[in-house]
Amino acid sequence: MNFASDNTMGASAPVLDAILRANNGAEPAYGADSGMKRVETQFAKLFERDVKVFLVATGTAANALCIAAAVPPWGICVSHREAHIVEDECGAPEFFTQGAKLVGLPGVMAKLDAAVVDHYVSGLPNASKQMPPKAVSLSQATECGTIYQLEEIAAISAICRKHGMSLHMDGARFANAMVSLGCSPAEMTWKQGVDILSFGATKNGCLSAEAIVVFDGKLAETLDYRRKRAGQILSKGRLLSAQFEGYFADDHWLANARHANAAARKLADGLKKLESVRIAWPVEANEVFPILPLAMESRLKAAGAQFHRWAKTSLAPQEKMTGDETLVRLVTSFATQGTDIDQFLQAAAG
Amino acid sequence: MNFASDNTMGASAPVLDAILRANNGAEPAYGADSGMKRVETQFAKLFERDVKVFLVATGTAANALCIAAAVPPWGICVSHREAHIVEDECGAPEFFTQGAKLVGLPGVMAKLDAAVVDHYVSGLPNASKQMPPKAVSLSQATECGTIYQLEEIAAISAICRKHGMSLHMDGARFANAMVSLGCSPAEMTWKQGVDILSFGATKNGCLSAEAIVVFDGKLAETLDYRRKRAGQILSKGRLLSAQFEGYFADDHWLANARHANAAARKLADGLKKLESVRIAWPVEANEVFPILPLAMESRLKAAGAQFHRWAKTSLAPQEKMTGDETLVRLVTSFATQGTDIDQFLQAAAG
Amino acid sequence: MNFASDNTMGASAPVLDAILRANNGAEPAYGADSGMKRVETQFAKLFERDVKVFLVATGTAANALCIAAAVPPWGICVSHREAHIVEDECGAPEFFTQGAKLVGLPGVMAKLDAAVVDHYVSGLPNASKQMPPKAVSLSQATECGTIYQLEEIAAISAICRKHGMSLHMDGARFANAMVSLGCSPAEMTWKQGVDILSFGATKNGCLSAEAIVVFDGKLAETLDYRRKRAGQILSKGRLLSAQFEGYFADDHWLANARHANAAARKLADGLKKLESVRIAWPVEANEVFPILPLAMESRLKAAGAQFHRWAKTSLAPQEKMTGDETLVRLVTSFATQGTDIDQFLQAAAG
Amino acid sequence: MNFASDNTMGASAPVLDAILRANNGAEPAYGADSGMKRVETQFAKLFERDVKVFLVATGTAANALCIAAAVPPWGICVSHREAHIVEDECGAPEFFTQGAKLVGLPGVMAKLDAAVVDHYVSGLPNASKQMPPKAVSLSQATECGTIYQLEEIAAISAICRKHGMSLHMDGARFANAMVSLGCSPAEMTWKQGVDILSFGATKNGCLSAEAIVVFDGKLAETLDYRRKRAGQILSKGRLLSAQFEGYFADDHWLANARHANAAARKLADGLKKLESVRIAWPVEANEVFPILPLAMESRLKAAGAQFHRWAKTSLAPQEKMTGDETLVRLVTSFATQGTDIDQFLQAAAG
C-alpha cells in the first residue's frame, strides 16, 4: 500500500527489458548512440513536427535547463507559487539561470490563471532597475493533481505572446495529464503555444529518463553547452535512450498512465463513499488529495499504508478543515495494484 | 575492435543483474533507498574509515561538485593542463564553482609534479586583486594512461598542506590505477592526503554511476544542497546504488579493472614488437598510446578498428614524430576480448 | 520643488570640500590611502567597537555584497516584499549571491514583523530539496518612510538567532532613521543584533559613498575578494574615503539628516491641514506619502513640483482610496529649502 | 618621485572643476542627468558614429561587463597571458560572465599575435564537450607599456571575424596609446574592427570614470541590466558624466596623455644614458620598464622614489638578466613633474 509517490517503484518491465537489450555491443558515447537517433525520430513523430530533444537524468535538471534556456540571469520566470520549481528543487532554476527570479502567483487548485498572470506582468515597471518577465512555467499535471484544459494553456500562451515571454511546461506527469485530456502530445503543447517542455518519463515507468523537448528553435541554441556543463550528458547515453525506446514502444507509456489514472479514480471513488472524507481537488490524473479524520489517518498508517500529508495552500476558500482532519496526498502509479487499493479502502472504512 | 573509449560498452553482467534485482518493490526516493545504506557501509569498509558518499550520474558532475566543495568562486584550482576538468567538461567546474579559475600546469606524461605546483603557487601574489589557490586536482589514472605513485600523491598533498589547499583526485579510472599499483583504496587516497575523490565506476563496468567520496568532513557540508541544486539527486536513487552493489560484490570491480589493464598490456606488448611503432608513455592502466605510421593507421581503420587520434602536448621533449606518423589512443575495458586484440595486432602488422 | 528623491541633489558643501582637499598629492591606490585609515578609525569610534569597513560606490553593491556574505547560493534571504533589494535592484542580490532566493513577506507600513518571520521560517521544510533560510534583511528607514523601533529590531534579531540566520540592515537612509530614533549608531545596529550593515551616505549628502559595516567578523572573511571581483574597489580610493571624512566631520551627517527629517515633518504638517489629503503612513524620516485628489496632483505638477506616484501595497487594510485619489511619495533631503515646501503647500492648497 | 602607478594621483584640475560645476541643482538620478546626454553626444562625435555608452566607476567593472556582453558562461575569451583581466581582477570577468574561461596566450612585449590567436583557436575541438571561443581581448596600451599598431589590431580583428569572435579592447590607457599612435579614436577602434571598448579615464586625470563604448549594437542589448545588477549605476550619475565633461573639454584628455607620454620618454632617455641600465621594452606610452642593478634600485628607494618590481614573463628570449639586476616599472601620469624625473635620474646615476 505505497501511495507516497510515483517514484517509489522501479521501472516497468518493458522499460527494463529495453535497458537490457540496449546493453549489448559497442555504441558511440555522449548521446551519439544509435538508440538516441531512433528516439529523436520517435519524438518528432509523436509531436508531429521537428523538435529538438535533449535527454537528461532528472526532472530537476530538465526544468532548470528549460528555464535557463528561456530566462536570462536578470529575468523573471512566473509560475504557480506551489510549483515544484519554486518549492522543491533547492534553487536549481536559480542555479542554472544564474540568478533569475522565480515569481510564484496564487491560483486555486495549483493552477495559474491567465488573467492573474497578465495582471501581474502588466503591472511590472519597465526599467533596468527591475527584472523583466521572460517566461511562464506551468505544471501539467499540477501539484494538486489537476489538469490544465487545452484552452487554459492557450490563454496563458496568449499572455506570453503579448508580453514577449516564453512558455515552459513542466511535464513531470505529462502522460497522466495527456491521457486524462484524451488529446495528442502536439495538442497539449506547441499547438497551444508551449515553447519548451520537460517531458517526464521517470514517474511513469522509467528509472531515470527525462527529455527536454524544444518547439521554439531559438531556445535550443544553448542547450548542448548548458547540458554538458551541468554534467547531464551521460557518457553511456544508451541508458537514457533505451528507456525511452521501451517507454514508447507499443504505446506502453499511455498504458502506464491510463493504469495509474484509473487507480486514482478507483481510490477516489472508494473514498468518496466514506462520509467522513472529502476530496480536496478534482481527481484528474494519478493523485488523490483526501481530507481525512486524523483517526482514519492513524488507522491507515497502522495498516501499513504509506503516504504524505500535504500543504493546504491551494484549498478552495470555502473549504473549512477542522482540527480533527488532515489533508493527505495519495499517488498511484503504473505499479499500483487493485489489491493495494482495496486494502487501503478497507482500512479507511475501519 | 572498439578501442575508442571505455565508455563505448554497456554494463558488465553483475552490474546489470544488480539493477534488475533492485528494480522490485517500493523504495523511498531521493537516495533514501535501502541499497544506498548498504552502499554507504560498503564505501566505509573499502576505505577503512568513515566517509561521506554522494552518488551522481556522471563523472563531470562528480568532478565539478568536488571542486565546488573545495574552491570558492574567487579561488584557483590547479591541475595538469591536459586534465579532463580543463579540457573536456565544457566549463562544468567553472559553472559549479560559479567562476573559479582552473590553472593548468605542464608536466610530462600528463602528471603534475609537486615541485612545479609548489613553484607556481609560491609565486602567486597575496592580495585581493588576485585569486587565491584553493585546491589541486590530479587525475588517477592520468589522461596519458599513466599512474601517480603513492609517494607522488603524498608529495603533492604536502604542497597542498603547505599552502592551505585541498587535494582532489579525479578517479574516473580509479580501479585501473589501484590494481595497477596493487594498493588499497585507502592507501591511494586519504592515507596520502587526498581530501575528496571522484570515484568513477561507469568506465569500469557500470552504466552511469559515480561517487563523490569525502575524507575531509568540512568539504561535505554543502554537498547535499549543491547536488540537489544541480539536478543530480535521482528520484529513483536505487538505479545508482544498485550499480554500486553489483560493482563491489565479489570484488567484481577489481576483476574488471585487472581484465582491462591486462588487455592494454597485451596490446602494447604486441605493438612493441612492430618495428615501426613506438609507445609514447608507459602502459600503466587500460590505455595504450602508440605512435603509428599513417599507413598503419589507415590499415587498421580499414580493418574496422575504432580509436581516436590524441594530442601530442605531453610527449617527452626528445620524442620526434615524423610527418608520416600519428599518435593514437587505444582504450581497453572490462569487455575487451582477446580476439579483438589479436585482430588489431594482425591488422597492424599488415 | 524637487521631491522626487533624495538622490536628485549633488553633494553637500562639506563633502565636496573634502573631495577637493583629498585630491592633492600621491596616495596609495585600491583603498590603502591615508584617508581610508582615518575613516576606519572613525567608524570604530562611531560604533563603539571594532568593525570591518568596506567602501563601495553604490547602495545596490553594498546590499548585494552584504547579502552574499551572509547567504550561500542555495539559501533564502527574507525581507519585506517591498524591500529595495526585492523590487529595485534588478536582481543584484541574486547575482552577487549567485542564485539565492529573496523571499518577500507582507507587513504593514513596509515593516517586517518578527512573528511573521518566525512563522514563515518555522514552516519551512528541513531537507536538501528546499533552500534553507540564512538571513533576514530589514530596511531602516523602510520603503514607506517608517522606522523600526529598537525593540522591533531586537525582536527580529531574536528570531534570526533562533533559526541560525544572520541579520542585515539596509541603511540607505541610516542617518534619517537614527536621528529620528534619537539613538546611537551602536544602539540601532549591533546592540540589537544586527550582523552586517549597508551604511548609506549618498542620499544624505555624499555623491557616491556607501559603507559595508560588519559586526559579525565571520561575514567579513570573503568581502575583500567579493568586492574586488565585483569591480567595487576604486583605484583612486580617496574619492570614497574623502566623502566619508567630510560627512562625519563636525557631525555634518547628523545635521543633514535632521534637516531632511524636519523638512518632511513640515511638509506633512502643512498637508494635514488640507481636508482632502490623508497621510498614508507616519512620517518618521524624510519621506511623506500623501493620498491626494488627482486634481491636486495635476495642480502640483503644473506648478513645477516633481514627485512620483507610489505603490499601494503596504496601505493599511482599512484605507479605502477612491478613484479620484492617488498615492504619491515626497522625499526631502539635506538640500530641501523652506521655500520649496511653502510653494508646494501653496500649490496644493490651490 | 612617485612612479608606482598612474592611479596614485587624484583628478586633474579641469576634471575636478567639472565635478564642482555639476554639483549644483537637481538632476534626474541613475544616469538620466543632463550631463550624461552631453557626454553621449561627445562620445558619438569623438568616434564619428553612433555608439552606445555605459559609464561605470572602475576599469575592472568596465572590462568584466564588456567581456560578459560578448562571451556566454560556456565561452572562451582569449587574451595575452599577462593581461590585467587575467592577472589582476580577482576573477571579475569570471564572475560577470558567470564562468567563462580566460585563456592567456604568450606573446612578446605583452602583445597578442594574430597568428598565435589563429593557431590556438583553429586547434580547438568543435564539440559541446569543449568551450567555444567567443572573444579576444587586447590591452591598448599593454601591460608592458607597448602599443598595438593599427594593422596589428586589424589583423587580430580579421582572426576574430574568421572564427565568429568579438573583439574587446581594454583601453585603461586608451589616451596614452592613441596620442602615441597619432590616430583618431575611430581609427584605433571600430575602423580596425574593435566591437566593444573599455574606455579608461581614471588613470589619465579622472578620479573614478570609465566608459563602456559599444560599436557592435548587439553587444549593447544586455548591458543596461548587467550594469544595474552589478551595482554600477550611480544614483547621482552626474559624478561620472561630469568627469567626462571636464576630461573631454578643450582636448584636456589629449594634453594629459601627451604630458604623461613625454614624461615617460624623458625618463627613458635619461636612463638609457646610464651604462648599467637596459630598457626592457620600447617606451610607447607612459610606462618605462628598466632593468636596473639591485644597488641602483636600493639607491632610488633610499632617495624616496616609489615604484614596483615587475614580472619577467614577457622579456625577449635573448634578454639575460643577471642575479644582480631587477626589472622595475615606472609609470608617469598627467601629474608627473619634470623635477621628479630629474631627481630620479640623479639618484639613479648615484
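To keep things simple, chains are lettered A, B, C and D as they appear, and every chain counts its residues starting from 1.
Operating definition for what follows: a residue touches a chain if its C-beta (ideal position, glycine included) is under 8 Å from a C-beta of that chain, and two chains touch if they have at least 3 such contacts.
Computed from a prediction, not measured in an experiment: that's the story for all the values here.
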Inquiry  = If I rank A-C and A-D by number of C-beta contact pairs, which comes first?
reply    = A-C
Query = Centre to centre, by mean C-alpha position, how many angstrom separate chain C and chain D?
reply = 35
Ask   = What whole-Å value do you get for the distance between chain A and chain C if each is reduced to the mean of its CA atoms?
value = 42
Note = Rounded to the nearest Å, the gap between Cα centres of chain A and chain D is 51
Key: Junction residues of chain B, two or more chains touched   = 73-74, 89-91, 95, 98-99, 128-129, 131, 225, 228-229, 233
Message = Tell me the shape of the graph of touching chains, choosing from line, ring, star, complete and other.
response = complete
Key: chain A - residues contacting chain B, complex   = 2, 4-5, 7-11, 16, 19-20, 22-29, 56-62, 64-65, 89-92, 95-96, 98, 202-203, 207-208, 225, 228-236, 238-239, 306
Remark   = chain B residues touching chain C in their complex are 30, 72-74, 98-99, 128-129, 131-132, 222, 224-229, 233
Task = Would you mind writing out the residues of chain A in touch with chain C in their complex?
result = 73-74, 87-91, 94-95, 97-102, 128-131
